[in-house]
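Shared between the two complexes below is subunit A, which pairs with subunit B and subunit C, respectively.
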Partner chain A sequence: MQRKPLKLETQRKILGYFFLLPIVVMLTVFMFYPIVKSVVMSFTNWSGMTDDWEWVGLNNYIRIFTNMPEYWRAMKVNVIYALIATAVQLTLGFLLAVLVINMRPRWQSFYKIALYLPVIIPAAAISVMWRYIYTPEYGLINQFLRAIGLEELCRAWTADPDTALGAVIVTNTWRYAGFTMVLYYVAMLDIPKDVLESAQIDGANRWHLIRYFYLPLTRGTTEINLILTITGCLRAFDIFYLLTSGGPGTSTKVVSMWIMETAFQSYKYGRALAMSIVLFVIVVFTMVIFRLILTPREKE
Partner chain B sequence: MSSNPIPVPRAKPHAKRHWTVGAVVEQILLLLMAVFVLYPLFFVLLTSFKTNSDVILNPFGISTFEPQNYITAWFTGKVGSYLLNSVITTLVTLVIQVVIIVLAAYAFGKLKPWGYNALLSLLLMTMFVTSEMTTVPNYITIRDMGLMGTRWSLIIPYVASGLITGTYILTNFVRELPKELDEAARIDGAGIFKILWKVDLPMITPALATLVIFNFNGVWSEFYWALIVIKDEALKTLPLGLINFQSQFTSDYGVLTAGLVILTVPVVAVYLFFSRYFIAGISAGAVKG
Partner chain C sequence: MTKKIVSLLMVFVLVLALTACTTSTEAPADEPSAAATAAPEAQEPAAEDPAAETPAAESGSPAKPVPEEGAVLHFMHIYPEHANAIEKSLEIIQRDNPGMEINVSVVPWNEATKSIQTAAATDEMYDIFFQWSTQVPGYNDIGLLLDLTPYIDDEWRSWYINDAALEEYSDDGKVLGMPLRGTAVFVIYNVDMFEENGWEIPTTQEELVALCDTILETGLIPISAPGTPNGFQVESIRGRVFDNIVYMNGLIEDPERLTDRKTEWNGLYAESAEIVKGWYQKGYFGENAFGLGREEGQTIFVTEDSAMLLCNNNELVALRELNEAANNFEIGSFSWPAPAASDRAMFTAAGFGDGWGAWSGTKYPQACAAFFRSLAGQEAMTIWANEELCIVPSNQVEYADPVQGAFAAQYEDGGYKVVADYNTGNKGDLTGQAFVDYCLSDTMTADELETQVEEITARTIADAEE
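Take a look at the complex of A and B:
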């Protein structure tokens, strides 16, 4: 009596391995293998075009740290971008969520759907659209400035070294503020309503509610938002590539763009891999640092 | 009342405040934000129906109606061909992904072969892998497989990139399916595949739908990898095509924005139709993150 179900159980377990075969093969070939290969080949002078390569030891890494000022110039662009874009996006997202959550349900759905809309729009479409908006002659911004008589402010927004990075940040904010907002909004839905109500009865105003309830009770979300946004900014590629192509000059050239050029235009794969790994380590390190900074406060 | 998770009672305490100055100011601030977000989209839509002279003379209004822009974009700008490529690439990717994800989630959630937990943890590590680390080796793998210059150079890596998050989310759903139905079906003599197909699959369809919508968006919009592997004009997907398009129609804003609208409409339509799933998906992702 007992043997039959056991055998069926065994059959099911063996079948389980067959079911797992496709995912294991795919992830091994396209995720695990690339990582191992990246690490190994970053110690070579491989061009990527042929099969000859030689070990160069730590040379690629030494070069990054001693003789590659353009890498660190690009890193500086990434860091400045990360700091400003994250500050703007998180502040705006949080404040929007506080406003939206106090609206009537119908307005809540409207704002949720409307403000999240840019997140789903393809990067290629966003960039073409915003390039058009920033265009000197017929772009939305300059046309608007002319219409209200501020013609002297008109400029080529993405081609002017003073405003190119700012233009990218504005576009990035337009694109992701709704995402940050929705994450905060979802977290705020979990705050018990009677707590907020009794605080209001006790005379708490909106500022008190933000300071003592909304902000501390969404700390986990702040951490997620912070990590997602900062690491996203450090690895940013698409919006820069499509909006400014790193210009004017190299004033908005980010690290990923530099890596791509090294690999696919200069054909120095080995070096590009070392550059990727340094970036990866910096991103992971940033993530760990932020977790360490943010987590102990939660326990207080 | 506090145990009620549905936000129905929320309207009550604030109904009183609805007409105060503060509430009006807040509503205005949010409306301004909505205008900031939506107006550029509207501006692009409007431009796509304008002649070039109208673009210059009449930036904010419209005095001509030029649907011809869409025809030019479709034929001269080859948007029709890009669109077809995008549709094929996306559909094939999603179908393969769904099959692999359903099988994996069923194995992890139900069949539980020995060591499944360790394997799942190992696979989950790939969630933290960044594209900088995989792009170059994957390029070589695809080249060595002889797939360069074919659609598969896009499809196979796309499939791989969406697998683990999907499997993770779906596994949690499969794990919570009631066991009783399975056992009843088994006693009735149904085999594992029949149970999977007839009993369990219908129950995980909503979760699967959410996944498909998310992955649809990712695949439809992807251009970084496509930019690297696709050199053949005939295989270009819409995002890549649109970038080309931009250099071809630099000053022809009507045609350029028409191409833009064609690229964007499918994702916006899917989003508006399934917006509920999107929001649910983000909160699931947030809990995971």
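Take a look at the complex of A and C:
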């Protein structure tokens, strides 16, 4: 009689592993193998076009740290972009979530969709649209400024190194604020409504609710958003490539663009892989740091 | 039970999807295995005494290439907009070479290099493919290109507008590609606007500067100059100014300069940058020049917000279409003039940057050469010149369009063009970016820019020779 439950359990286990098999195979083929191969090839002088390569040891990595000033200039652009874009996006996403969650259900549905739409629009379409918005002669921004008598504020937004990075940040925030908002919105749904109502009865205003309820009770979501946004910004490519092409000059040239040029223009695939590994390590390190900073507070 | 059946079905679909993701083509049994690998070895079959297969000409010139029997060429190009010319060219090639089969692949221009890399790495390399002339040294370094020198007979060689056309596709003394069409920057102007205002076409750089000052007073942008990416046309004009300075300083034939290895300019590079920055600061190119892309620059011109436009000759077709939809004025062109003190209008930047290469591992080297020979002939080149408005490297073409004809006349000189003998990688992007940084900076000096450019050149050379 005792054997039957064992057989059933074993059967289930085997079946479970069997169902896991396809995804494990896919992950191995399309993720783990390329990662391992990339790490290995980053120690070679592989051109990416033939199988003729030689082991060069740490040469690629040494070069990155000693003879590639443009890589670190681009990294600086990435870091500044990550810090500012994260702060703006998280703040905006949070405030939008607070607004939306306090709306009537009908309007909630409308604004959730409307604010999330930019997330699913392709980067190419967004870039084309925003390039025209930023055009100094007939772009929307400068036309509006002229219309309200603020012509002195008109700029060549993507041609001025002082404003180009800001222009990319605005575009990226417009694109992803909806994503951040949705994550916060879902977290705020878990806050018991009676708790908020009790607080309001006790005299709490909107600011008190945000400060004492919404913010602390969505800390987990803040951590997730922070990590997702910062790591995404460190790896940014599409918006920069399509909106400013890294210009003017090098003011918006990011690390991913250098990696692409090294691989496909200089035919130094091995070195490009080394650059990617360095970026990967920096991204992981950033994640670990933020996790360490934020986790102790959660334990409290 | 139902759940188990559904689950099994899902697993089956997943496995099917995995299988579908693998390559669907198998190499034919008689194709060399790992054909794109060990390119130097792959070159051996191609170079297996080709002269032995064709009768030697009495004059000592290589004989006309004769395609191998049953040759099947995989041909890649980036010109969907020139489908007409491609189709007609292929008809000519196949008429000249009966029995040759050509399979065509089209890729977007910005995917060409990646497409070649992928094809080379997966043993599905094209026999004939698009390449830019600047890619020749890099491709040669990795042994990708077929040496065409043994197949180019004297008659074929005589069709080219000048020696520079083939030299641009040469490395280590070997011809490693074929030019198709030229790209150079010209000044396009609004003929109607010039006539209305009584403006004359400038014949010297000083006259052009004076004209720009005059046009500025009308509130127009004198010259719409797309400056992105990497300085684009503004950087091209800096190059023109630089060429004139170099010529007037007697360095135009400097071997180091001609092979793009010069790393000591002694202020000449700085001088060119300073001049062009001054023009930019005066407003000759508009305040947004470094944020303008090609299409935006053209739009400013056709909406008559500027009197002139810096434009590549290959943009003429698109520009005309845009102009027809906008104000439809008459378009004229002239080349950037030299300073009055110069006794020659330098035109060293003109080259036939768009071209072709053949794979060193091809099974049909003679067929590839025959393909190129037919394409270089008068009939095919005339199609590209007069139906597609391209500037071709042929001296046998009569241009029907007067603007194109004026462009083409400038290419006849062809001397003193800088042709790097190493893989320049992204050097052009780096120096262009440095120039833009200099133009937009209040603190960076022209000498600092020159130093940066010299360092970039030195590093690129060292990198290429590693």
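The rule we apply is simple: the second predicted complex is superposed on the first by the 273 of 300 C-alpha atoms of A that agree within 3 Å, B and C clash if a C-alpha of one lies under 4 Å from a C-alpha of the other, contacts with A are read in each partner's own complex, and residues count from 1 in each chain.
Here is the rule we go by: contacts are C-beta pairs under 8 Å (C-beta built on N, C-alpha and C of every residue); 3 or more make two chains touch, one makes a residue touch a chain.
This structure is a prediction, so every number in the text was calculated from the model and none was measured.
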Room on subunit A for both subunit B and subunit C (clash or fit): clash
Report for A:288: first if it touches subunit B alone, second if subunit C alone, otherwise both or neither. neither
If you stack the two complexes on chain A, which partner ends up touching A:249: first (subunit B), second (subunit C), both, or neither? second
Have a look at where A:83 lands relative to subunit B and subunit C in the superposition and call it first, second, both or neither. neither
Could you look at A:67 and tell me whether it touches subunit B, subunit C, both or neither (first, second, both, neither)? second
Name the contact category of A:48: first (subunit B only), second (subunit C only), both, or neither. both
Classify the contacts of A:264 with the two partner chains as first (subunit B alone), second (subunit C alone), both, or neither. both
So in the superposed three-chain picture, is A:150 touching just subunit B, just subunit C, both, or none of them (first/second/both/neither)? neither
For subunit A, which side has the bigger count of touched residues, subunit B or subunit C? B
Could you say whether A:22 touches subunit B, subunit C, both of them, or neither, answering first, second, both or neither? both
Which of the two partners, first being subunit B and second being subunit C, lies in contact with A:159: first, second, both, or neither? second
For subunit A, which residues belong to both interfaces, subunit B and subunit C? 19, 22-23, 26, 29, 48, 131, 137, 264
In the complex, subunit A touches subunit B at residues 12-17, 19-20, 22-24, 26-27, 29-35, 37-38, 41, 48, 96, 99-100, 102-105, 107, 110-118, 120-125, 128-133, 137-138, 140, 143-144, 147, 174, 177-179, 182-183, 186-187, 189, 192-194, 197, 200, 206, 221, 224, 227-228, 235, 237-238, 242, 256, 259-260, 263-264, 269, 272-273, 276-277, 279-280, 283-284
So in the complex, which bits of subunit B are touching subunit A? 1-2, 7-11, 13-15, 18, 22, 26-27, 29-30, 33-34, 36-38, 40-41, 43-44, 47, 55-56, 59-60, 99-101, 103-104, 106-108, 110-114, 116, 119, 123, 126, 128-141, 156-157, 159-161, 163-164, 167, 192, 217, 220-221, 223-224, 228, 238-240, 242-243, 245-246, 253, 256-257, 259-260, 263-264, 267-268, 271-272, 275, 278-279, 282-283, 286, 289
Could you please specify the touching residues of subunit A with respect to subunit C in the complex? 18-19, 21-23, 25-26, 29, 45, 47-52, 67, 70, 131, 134-137, 156-161, 164, 244-251, 253, 261-262, 264-268
Under the definition above, what is the set of subunit C residues touching subunit A in their complex? 7, 11, 14-15, 18, 34, 36-40, 113-114, 116-117, 120-121, 138, 141-144, 227-230, 287-293, 296, 300, 305, 423, 425-426, 429-430, 433-437, 439-441, 459, 463, 466
